[in-house]
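In what follows, subunit A forms one complex with subunit B and a second complex with subunit C.
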Partner chain A sequence: MSTMSDPTQPVFRLSMLVNDTRYRGITFQIIAFFAIVFLFGWMAWNATQNLAALGQNISYGFLGEGAGYDINQKLIPYASTDTHLRAAFVGILNTLLVAFLGCITATIIGVTVGVLRLSNNWLVAKLMSGYVEIFRNVPVLIWILIIFSVMSNALPAPSAFRGENATASMVMDAFAFTNRGVYIPRPVWEPGSWMVVTVFFLSIVGIFALRRYAVKLLFDTGREIPVLKLSLAIFFVPTLLVYFLTGMPISLAYPSLQGFNFQGGIQIFGSLIGLWFALALYTGAFIAENVRGGIMSVSKGQTEAAAALGMRPGRIMRLVILPQALRVIIPPLISQYLNLTKNSSLAAAVGYMDITGTLGGITLNQTGRSFEAILLLMLFYLIISLSIAGVMNIYNNAIKLKER
Partner chain B sequence: MSGSAPKIQAFVRHDTLPSVAPPVSETGAVKWLRENLFSSVGNSIMTLLAAYCLYALISAIVPWVFNGVWRADSIRDCREVLDGAVGGCFAVIAERWPQLVFGNYPSEHYGRAVIAFLMLFVALAPILFIELPRKMLWFTGLFPFIAYWLIWGGTLWLPILALVGVVAGFAAFRALETKSFFGALIAGLVVTLAFWLFLAGPLSTGLSSVVPLTLERVESREIGGFMINFILGTSCIALSLPLGIALALGRQSNLPIIKMICVMFIEFIRGVPLITLLFVASVMLAYFLPPGTNFDLILRVIIMITLFASAYMAEAIRGGLAALPKGQYEAGDSLGLDYWQSMRLIILPQALKIAIPSIVNIAISLFKDTTLVSIISMFDMLGMIKGPILSSTDWFGVYWELYVFAALLFFVFTFGISKYSQYLERKLATDHR
Partner chain C sequence: MKKTVFLGALAIAGVAGVMASAQTLDDVKARGALNCGISTGLVGFASQDANGEWQGFDVAVCRAVAAAVLGDASAVDFTPTTNQVRFEVLNSGEIDMLARNTTWTFSRDVDLKLEFAGVNYYDGQGFMVPAALGVTSAKELDGATVCIQAGTTTELNLADFFRINNMSYQPVPISTASEAQQQYLAGSCDVYTTDASGLAATRAAFEDPSGHIILPEIISKEPLGPLVRHGDNEWGDVVRWTLNALIAAEELGVTSANIEELAAGTDNPEINRLLGSEGSLGEMLGVSADWAKNAIAANGNYGEIFERYIGQNTPIGLARGLNAQWTEGGLLYAPPFR
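Presenting the complex of A and B:
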């Protein structure tokens, strides 16, 4: 005969939406959601009003029209009669080209400088920290302009290479550094060259197989085989053999002075070189700091423990320090690559025709389609960034310390 | 027997030998050289290589600097004076100095800009150095309005009324603060914005017709040179910090819709280069506003750079929030503090301290990125160099001097900021004593 009644059901009052922590979060979220929807709706409404007032509409038809402008540095055939879409594609390839070259060079510079900054050689360490401070603290745009002006003002004109008493000469008769760009030899692919290339790649696969086999052999039987000598042999011998057997199908076309300009080689324009080296030197300074931080993050006890086990300094670095340091170095390294790729959009300042120069530059100005061009431009960079970020997440999960 | 035995005297030294000076190779400069420069063959080779590089650099730079020509009217004059010798033509900096620093700002008003610049340091001082009297923060609060008036001119009533709007918003915030921190924050913002949008304009016209109090108006397009880099840098850093904190809290919050909005904003901004956002500011932003609105290019650029920087700030602060041990959050909860109280009193002070190095890095890169506005044809320092100065007939061909000068100016400020941040880190370090 309990006299206790059921607990009274709490009565829902409107004020609980704001004051009760159970509902407050939901209330705020709904308000925020509608505020955002309202903001975007308002902007879209304004955009339609404005476009209607200008007599414009959103259309991507301009991509199929003729571009009518030339692009000097290009990886695929392109003429001014091609469409804007193809021009944009040339631009995309140019962006990827400078990003690729820049990332590789920046990594080499960054790792070298980062390691040298930790060297116990006082002079070298100071010199390297001077490089890092100078390049990190000055805008990358200034570096791009400086290196570009060196390329276009300090180097000799092609005419200086002419005549009996030429003031400039080609390096090794193969490379010409002129103010119109750098000329390098161009490989000529004749029929049969595919065999050489195939054999070359197969031998690289073979080297990896050999290394795995050597490790397995060492672990199973304790026998060591001379990996380095065998690798070198596999690298050179089959490729050269096939190369000579098929009658030397790959040759180099050297640039030579004809008329007012060099012909025959590949011309790398000063704008590409300025952008490439400025981005590489600038990003390299940041990478150097990441590398230094990564190596310093490995505690000294690790080095000492490895030394106590009797390891040589080279092996300590390779087997103990680096694997642990890389875990710290690689995530910021990848975000530096991303920064370099985004900074390559500064190509506009030196007239290198990347995607910002074609789609976001001349195409935009010629067609007046600023809306569509900028949206496409953002979409391109967004896709690159998100895919790199995705790769980085996969990597981070893979190397996460697996404990507990 | 014993008498005949020869006496062997035991040698016992009674006084210690005076200590001999260490060998030359183990002391002083020689020891230092041996240890730091020539400890091994490889090391010696590296030292010699580095010394050669250094020598090559110095031998190129020193004559260029010390032979430099400071007084000339054009590059031809410079070349005549130099007469084939190596030397910089620094006369261009001497002659175009005002243009590099102020752009096309009217020369009779340079004083106004300089006063604003000096006041900036007074305003920053109490924020940067905690020892200074806290009362100076009042001036810091007033500074943005004074600086706006000094640089752009016009009537003093507009900045005063803008300030009144802020005060009104703050009063609303204080009145409601005890009820709900977040609600009060929103109310304060709404009051301020409403005051600015609907009251400030008409009131300032009315008041200035009664009591003018005007400085001569300077148009935005006249402002240029390093001044614009500085205006953009300071205002965007100051504005992006609170926005970044809000975004970071949003991203860490457990409200899914708020979190999603913040994540999308941050990832979008971080995924595109700043230059595309500047394109948006210069050509696209006008489309998204009601027909007929047309506001200042500098303001549009400030908005876009602030949005850009706030996404990066948010990530830096999120790093600080994530680095705090979970116990701190739980401690706040167990004390019965609500979300905003525990954030304000426990979490954020610690998280911001952890995030200082990354926040400063973002501030530095933001300051450097202000040079990008030269690509959307604003005449900042680089825009001035590339545009009016290098295309003038007098100075066509003076690249090094101008670019090196610009680089040096940026270096002084960014290096200063990074040194300050190291000082701050040392000062705020409360652990590992």
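Presenting the complex of A and C:
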């Protein structure tokens, strides 16, 4: 930058704000800024005026009042005598649960389908593209309803498991598939179980250390060790040993039919399953397309070069193609995760009590505080979306091409 | 993204804020039609017949008000509303009144700024179970899965009932009566709970009504009635007194059959004032002198409406019970027309 001022610089005239390209950009930005501030200010003013005219003021006091309603799926203790705020937290956890399960499942489905769609096997490739087309082109709400109603109509009610001539029976005496959900055994933690759990996690750490060591060994000395067998051994042996030494402190409580419902196990609600699978299958179809696009973006020369070095197709995919494809796949994957999370608000269609069902549904309804509840809902989804995007961006930065 | 979300919220605020104007009566007259909110469908209370016309006990209230104000019982635009949105739809000004199995409660009246125009059905919350379950009392429902409509007094009463009786249950929240019916019949829940009248109406629509029983316990008071927005007293009066006219007509023996004859004048001054041959009640209310006559002629008096849509001779088969005239041991008691 030059520090010398131009002696012939013309005096500043107001018209230059519009005509002079040096100032024009700034002028318009300032105008746009004030326009937006004015617009939002006007809307906020309008909203408060209208609410005041209805005799309502904006107040969040209702969050501290008793909720009065019950929620079926709760990850934290909750009773109808708890506050609306706590009900909202129950809803938030339910949203996070289905979003988490959905994102993981969608990713697994998406990557598998995306890779298989490029398979040389005609049938497999066609099946996969059929899946993608069917799921991508029907609205997710319809899928949620379809999967949920198939579940609630095709599976037997708990009462069908009852009596001498029951028409339904449990799978392996441990799992019950009913139209109210799936019941699975529940682990019972007795004293001493923490040791087993600790050893288990230590073994996992051990497996990672082993793999590191194996790679180092290979690079340093060229010697290979049987990583898979050793990993399996580390995975099972110490944990089982401690498990038996401490007197089998972890047992399973099996679900059994008592009264109207199965008791004793863990119930995975039908509404959760319907929502989770529909979101995963739907979003998985989009992810599959991203994955396919990502793989195709890696030049064919890479595959050929790797093949010329004698690598097997599976390894080529895992070690050469996917790492490069990931750079193309991750950014759209972020928006798929955001979509899935936001789409989870369709939960109400199947009575899944997520944040939209609790705070934005029953609480909003019973208190009539719609404006406040909707603002809170927006804030929640905003925070969640920004957090997901933030985390994924960190990951994206970690794997992106390092330019040196 | 931030922006769009925010705009969305304010748009909602904008909609919710359309003013509760104090001239609904004038608006209705100028429009030439009444906008009436009803339920999404409940046989006997509000359902569409083969011609797509809305019929039912609640629908009849809308028609009577339209007849009173506009002289035409068919000048009604019906808006089906779910339990969850009904008050918002009313407060937004989209409808002029709501007549859909809605319980008059303190917080709705005071906090939600609604104005109940009276009670057209005294009800209470009951439970329905498949007869095959072998349950005979609501106290045996410990551990049951219960279908409830979200956004109702029902779900609050239910929570209290189970808590007080130290029982557990699993709620299945549902948004409309027809969905509840599907889920209940599919066995997704053991019990369906709502207002007892709603249970009777739902059961009447089943293929095999006798396979389901309504348990004897009534766990709450549910006075159901039409309502309007808070703050427009003139309009509230119109709806209130139209309902009262239907009730008074039954008490005074005015029916759709004899109304023409009685409207010409009788020696009972209250009938004369009601039907407009004496006094100026219509003028005070801001409607024509024959307002009540039109309202009663639309579907008959309260008793006729009851018998036609939900009475003993209909599939729903409700007895008058609490909904008999006070002279018959019931709770219906219209204030005097003078």
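Note that in this section the second predicted complex is superposed on the first by the 389 of 404 C-alpha atoms of A that agree within 3 Å, B and C clash if a C-alpha of one lies under 4 Å from a C-alpha of the other, contacts with A are read in each partner's own complex, and residues count from 1 in each chain.
Note that in this section contacts are C-beta pairs under 8 Å (C-beta built on N, C-alpha and C of every residue); 3 or more make two chains touch, one makes a residue touch a chain.
Here the structure is a predicted model, which is why all the values come from computation and not from measurement.
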Task: subunit B versus subunit C as contact partner of A:336, first or second or both or neither - done: neither
TODO: Would you sort A:203 into first (subunit B), second (subunit C), both or neither based on which partner it touches?
DONE: neither
- [ ] Mind working out whether A:43 is in touch with subunit B, subunit C, both or neither, as first, second, both or neither?
- [x] both
- [ ] Kindly classify A:121 by the partners it touches after superposition: subunit B alone (first), subunit C alone (second), both, or neither?
- [x] first
- [ ] Go through the superposed model and pick first if A:270 touches only subunit B, second if only subunit C, both, or neither.
- [x] second
Open item on the list: Let me test your reading of the model: by the given contact rule, A:348 touches which partner, first (subunit B), second (subunit C), both or neither?
Closed with: both
Open item on the list: Quick check on the superposed pair: does A:260 touch subunit B, subunit C, both, or neither? Answer first, second, both or neither.
Closed with: second
- [ ] Report for A:159: first if it touches subunit B alone, second if subunit C alone, otherwise both or neither.
- [x] second
Open item on the list: Output check: A:72 vs subunit B and subunit C. Expected answer is one of first, second, both, neither. What do you get?
Closed with: second
Task: Touching both subunit B and subunit C, residues of subunit A - done: 43, 46-47, 49-51, 53, 153, 348, 370-371, 374, 378, 381-382, 385
Open item on the list: Quick check: in the complex, which residue numbers of subunit C touch subunit A?
Closed with: 1-2, 5-10, 12-14, 16-20, 83-84, 87-88, 91, 107, 111-113, 132-133, 141-145, 150-151, 155-156, 158-160, 162-163, 169-175, 183, 186-190, 230-231
Open item on the list: With touch defined as at the start, can you tell me which subunit A residues reach subunit B in the complex?
Closed with: 18, 25, 28-30, 32-33, 36, 43, 46-47, 49-51, 53, 119-124, 127, 133-134, 136-142, 145-146, 149, 153, 342-343, 345-346, 348-349, 356, 360, 364, 370-371, 374, 377-378, 381-382, 385-386, 389
Open item on the list: Using the touch definition from the top, list the residues of subunit B that touch subunit A in their complex.
Closed with: 35-37, 39, 43, 46-47, 50-51, 53-54, 180, 182-183, 254-258, 261, 267-268, 270-276, 279-280, 283-284, 286-291, 364, 368-369, 371-372, 374-375, 382, 386, 397, 399-400, 403-404, 406-407, 410-411, 414-415, 418
Open item on the list: Show me the residue ranges of subunit A that touch subunit C in the complex, using the header's touch definition.
Closed with: 40, 43-44, 46-47, 49-51, 53-56, 68-72, 79-81, 152-153, 156-157, 159-160, 179-180, 258-261, 263, 270, 348, 351, 353, 357, 361-362, 365-368, 370-371, 374-375, 378, 381-382, 385
